[in-house]
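Chain nomenclature is as follows: A, B and C, assigned in order of appearance, with residue numbering initiated at 1 for each chain independently.
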């Protein structure tokens, strides 16, 4: 009995491996997605981070030479004063009030005006960096003014706020990792999809399904072999995207965002283990839906819609705003457990177990449904 | 060691940038020679623990741990101490076999307590490599040898000339030795072996080293004893092996001279304080003759209290202000006011130095008495005592070292370091503790080193300039050849305070009493 | 031996099989002749257990297909219409795959495949992928698949549909061969010539019922017509859906 399943699995894999459409779909996704994400993030990082030398427009700089020098010492330069051609000057304007020296001399507050578009993501980091430096300058001057008056500056800093951030360098990359994990889980669905369609709707379209069923095999064997084949393909896709991700993500300068995105071997193993039930469910779902469809094309359009569901679950789970119930559900449960793992938190084992069992439960139910439907004359002959 | 002495030795500069401190104090110790031959490694006996932790000033989660080592390496079964360390994990660890070991100054500062400063300064290195901080034995969490001073209370009122250093030192020693601690085991060499044991246990095959101030001595010892484990070394504010830190008196004098020159060369400062040098001399002369006693409001509590303004307080406060470019900016104004009989600003500066507990005085004394005080020659002594600080310090160490009974470091301890490890040597032109000439001295036998002098930096070049970028380059490129130090020349000097409020030119027509924020006429309902 | 007893099957509102009974003997070629829509394919599918009869049963070598489908199908070889080739497999892989499904182990399947390739003169295309094969090459591949495991009973569904003359001749020779080897051969066709030329026994179907059975000669005798064609028209009442 097992032999027949193996025979069919072998044939499916050979057949699928020669099917450019099946292979390419998986390959494109598994290779393309990490590369695309890397490209995207490399671009984002270069745009989001503030350059070492931040050039801004400082107006009226001769009213506050010390402030200008202070800013320059932290790399914030007055681009307007530079004669370097082609110098990139950010659209950030710092205007020093005309009465700045008077106000300072009197021990009052001197006004500087910061003009910039804070909704411009490319400027946000630079703006907050400038604000921070202005704040630092102000608090340094404030302290020294107090010292000059014989007062300990600590008296005006009554609160010492100690922050213990439980994030790790890995967990700070959570959102990005969440999305990376999503792309991996989704690989399980994408990689096997074409094979699933080809081996079901396609099989019928080629008229080979009836021939298969005319042989001394049980529908169980047939269903099992198809699920196994699609699952193998899905897992291969997952393994591939893991490997490509591991290599590709290493090239992205995540550290510039202050965190790491590490795809290490232990994560890869966990991902494969957790992804396995999802792969089975994906295979069962796709086969089930495809068998319901009359043709390859129809199956494709059905599946595109059906796959929105796991995508929505996984995506929702990759953001912290997700409701707690998501961690018990298939796909989203695994997604959250994997995110907990990369963030170095404890894996919610109970939730993971429940969602994995639910995943397997769905897979099993669909397998039963599939087995029944293959006994149905309607499904087999499309009557 | 307290008070009198402390005023001198607390090098932790105000506004809590405490790394930039090199302490000095000394006294006469008897020569008990022993305990210099430390065993190659203590690792056989060491126990090892590490766990996540948080450190003041850093919100993120770090790894902390300690190893347990024998206090006296020659008595492996004797008293043991825990030497603590912290790892600032690399953001993206591309070189897990490497770490940068940052060594704090003092002697007596805790590297771990200064983690935030190191983190800021070494953030580029940390992108790809762990930063390793170790509380050297006798500092921080590693069997802290701290002498209890009188602290803040009463500090304003005390007249340091009445302070009995020998007695206070003895009291401190008695307290420290109660639990069996042997203060003679807290010299640099024993500490070096602790460092190496920690490196071994953490599994780093190679280290980069950054040493600041006294930390440069530890770095140089590492170069001498374990060169095979080092990739690069950065010496920032160097104490060359050939130099006794007691010579700091001259460096401080030089620091004051630099300040006066700076003010003279600066139009605004020169206009505002044309007689600064004269004023300084006259205040010194007055205070040397007699301390000024006045009623003041306590800088912290605001309560009325007595301030005994002594020469010791005056110069001590100014000296500590020289460490930081921004605090340094207040000095001309403070001197000028003092010359008018107003010691508010001096008191403010002095208050900042009182309870900055950055230095473990017990450990400090062990190091200086063993390694610096005993090596000085009569000629050196004569030269040092020409400056106020040299004299004060020497007399202080003469007393405390006598009590401490530290064995002298071996003669070859003070030999120049002969090495071809890529070494970056950084000096600040305005450094009131380790002047550029000391950096030059350290270069003597360094065959693969470059010495850069940052024209606008004081003590701790990497904190005040692009020195941190140079370290990052060195660590990445493993060579000093390609280092481009031109960025050090960027003018980052700060304006001097022209009154108690401003650093910018005071407009001629400013009437200091009026305020233009007064609401103008209008019906306020 | 294939035995069909009292098969009835309704598909939708149509009575596709109506109390159908016949027997196809070993060592004989039995033709199922009927116009399109007479229920030939439905009948064959029922024999393969792909469709369930409402009443009646089909037996292969005495094994009830509905009760023991696996064992029953083990005794069967199917030459389907259409062929159902896997275009990305080579004939060798294709034939061997089905041989294994029919119960041979890998080694046996390989050997049997080699033999059938030889027998059907498929060697020149055996290791090319099926995509792009001519109709004749496809037919041979499908046929090889049907007989590779040397089943006692071989069922052919419209085997000559779309075949060129040469292929048809090859097929005929092969069927004759199999018959002499003692196989039971059942095929459906709507082509009278073919049936006349090949069959030892003809079962004429119309509207799901057997309207006559016997050798071509017997059928002529029954109807009193000289040619099978006339006999046929007589039997089913029309010549619609039947090819000469």
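Everything below uses one rule, namely that a residue touches a chain if its C-beta (ideal position, glycine included) is under 8 Å from a C-beta of that chain, and two chains touch if they have at least 3 such contacts.
For each chain, UniProt lists the protein as follows: A, B = Transporter; C = ABC transporter.
The structure presented is a predicted model; accordingly, all values stated were derived computationally and were not measured.
Viewed as a contact network, the protein chains form an open path, each link joining two chains that touch.
With centres taken as mean C-alpha coordinates, the chain found closest to the middle of all protein C-alpha atoms is A.
Per-chain CA centroids place subunit A at a distance of 57 Å from subunit C. Subunit A and subunit B have CA centres that are 46 Å apart. Inter-chain centre distance (subunit B to subunit C, centres taken as mean C-alpha positions): 100 Å.
Among all residues of subunit C, none touch two or more other chains. Interface residues of subunit B facing subunit A in the complex, by the touch rule stated above, are 14-15, 54, 56, 59-61, 89-93, 127-128, 296-297, 299-300, 302, 326-327, 329-330, 333-334, 343-345, 347-349, 351-352, 490-495, 497-507, 510, 512, 514-517.
For subunit C in complex with subunit A, the touching residues are 11-12, 45, 48-52, 69-74, 76, 78, 80, 82-89, 93, 97-98, 100-103, 105-106, 129, 145.
Every residue of subunit A that touches subunit B in the complex is listed here, in rising order: 63-66, 69-70, 72-73, 99-102, 104-108, 140-141, 143-155, 162-169, 253-256, 258-260, 262.
The touching residues of subunit A, when paired with subunit C in their complex, are 3-4, 7-8, 11, 14-15, 18-19, 206-218, 377, 380-381, 383.
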